[in-house]
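To keep things simple, chains are lettered A, B, C and D as they appear, and every chain counts its residues starting from 1.
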């Protein structure tokens, strides 16, 4: 994990870092991220680098905590900071998906039940219609355990990215999920509404009647997400 | 969407605007409105006009955000402000229902499961007895999709108003609901207790025993709503 | 409803009033009381009188709102204040139950599902063991409707008290419950843990396995309630 | 319960006491502890002593409330303070389990349903994998009732500790649970995630499909818990 020779992608606009910090705080504020979990973005100037906090609870992340990694998830300049054990999830998602610029790994509470049964997690509302195609589920035993159900190396991260395929969300059995998007606002939207849709679907399933899922021809990616971002950021940052 | 020739209904009492703002904040505070959703009132002096915020998260709406529209949902004086894409829901509800002076469109979280199954959403408590007659459900495919499941034009809005008929609440499949009432306090009461009743009914259904719904002869519209309004406004406005 | 001739039970210790106010705020803080609902106590010096707030949302009740009533629920000195329509619930409970000195009427949210099915609401935990004997359910149609499902006169109130019998809690179909106890701290404990037990029982029922209810020989009324009162009061009164 | 002759284990580092107070506040903040429940630690210098608050709601516990007890749960220096009736749970757990240095007794709300049915409470996520081996359930009737379902003497406490065996969590029928760990941070983690896992498992069970529990070979005790401790403490202590 030597990194003396990994050049930085260069300085990043503080507003971009602020949004990455806000994303972490927003998802913690809504209970999608617990005391672990993490949000990353691809480096705006170098697609071979990504930005992720040092190991720290998402609700406490600050701009100064953001570190830079290459796609092997080696740090550009570690400065002795402790790193997330599961950062390989991010590196391999960025490597496998050139269209992806933002990644969330969460233990989204109501997603867990869908990861341990074969009940499909699919969209039942317009806001979550990015889930219309369903969520593949990653079984870590298929690639071999290292530390419990955690993803702790590039091999496991790559296997997860392969299961994700071209989808926005992959479930991780007994663990949580991986959420990807083209930008930071969209990945926050997706991580939050995967949880909300899971709650609503659990209720709908309890009725024991046929469910009208959103069909793929009904799905529509939101064109702008500024309104929700404004209010979520205000609430999470206490402003 | 030209509006140079749409005359205003005239100035509106600031207390009326304050209540419209409070309605938006109250429903956001209780989680009935998420980062989208909207509340409108008919113009007090001109029944052919209605008042609705510019496109903004409900929790952030302020008096200065309120705009005026005609029943085609064209703005009286847009001033470059961005408008809610789904405002046609409001215009057509006001057009179809002369008795209605206040309208809510929400993604009420526990209402969603009832929109995607044929489990009836009916009143099980006195407070929600406005639901004794049940809620019709709008299927947007019946009138044609434009942008996912969103209502984006007057044709779709009119079709929704037709499904609503003379009821206080219509469900929108995979989307949310439409709630109408004679005044702002009552529409807030109805939007909130549609959600509460949905939660309670979901629990009652989980018992798998016959349910005693409130019958239509037991239903009673509250005579005054000032006590609940006072406390909800105090909580939502932080006063 | 003339009351010129109803003498007062006499002045009441402000600390007693403070506890009555706190009870209202505590139950509102925990969501047992919504914008309606009410808490009363028997007058400490005259068992033929009781104390109850003027009509006001429970979360907003203050010492100056407390009024005095006789057991017919006529006010001692109305002073033009608006009164709770359903105060007859209190008067008749105090009349029927000399052992009772505190009464709550609530729309306790998770109690509602038990009022509209014949699923028994019984204790499944020690803290709620006052429910070991089950809760009778009041059907207002048995005594005749006046205003929806509301209790609006002494006849209905007496019928409810009769259904209550010697129990601590009666359910009211499609409406809520009536909770009684020997003192204000105990009635708050009971109202709160009726809701908590209802939530837990709903979850237990969802497992579809036999349930071990608390048996009557296992039930134990708490000897002191000061510890919970201290923390609930601190949280509800913001101190 | 004479204690004139019980020598103290000696002074305790204030930081250790602070963490014990924080543990109580954290579990109250997350709703795992209600107005009762308690957290204790073994005395750092004398394994025959333990530290536990005087009888007080967990959310209100302060450093000055911490008392010292021997393993019979007799106080070293009572100073007239009221003691938890159920402290024998702690004393006997410390006696039976030399590997245990921290104990929680809670009425964890979603654990209750699992205590009154034979639905197994087992881990479905990595974070709660300490539950992979399942939770034994203590039936107090097996050892005899004293005060309802409460544990009020050493005999009952010892019976509970025997049911616990070498596990981290024991359920207590109709009452709550007992959670043990090697240190204060770990016991808080376990008490909190027993509740979270119970909620998630209840949802998973509602799907009525086979569940993939975390297997014992997949379980992994967290190596460090500082990140979660930091954020939980900050939230609970308002810092």
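One rule holds for everything that comes next: a contact is a pair of C-beta atoms (placed from the backbone, for glycine too) under 8 Å apart; a residue touches a chain by one contact, two chains touch by 3 or more.
Just so you know, these numbers come straight off a predicted model, no measurement behind them.
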| item | value |
| --- | --- |
| Interface sides of chain B and chain C: same vs different residues, half threshold | different |
| Distance between the centres, which are taken as Cα means, of chain D and chain C, whole angstrom | 33 |
| Separation of mean Cα positions, chain C and chain A [Å, integer] | 47 |
| Residues within chain D bordering two or more other chains | 206 |
| Chains grouped in pairs wherever the two touch, ordered by label | A-B, A-D, B-C, C-D |
| Chain A to chain D touching residues, read off their complex | 34-36, 55-57, 59-60, 107, 109-110, 112-113, 115-119, 141, 145, 147-150, 173-176, 202, 205-206 |
| Chain C to chain D touching residues, read off their complex | 123-127, 129, 196, 199-201, 203-204, 206-207, 209-214, 217-220, 227-228, 230-232, 234-235 |
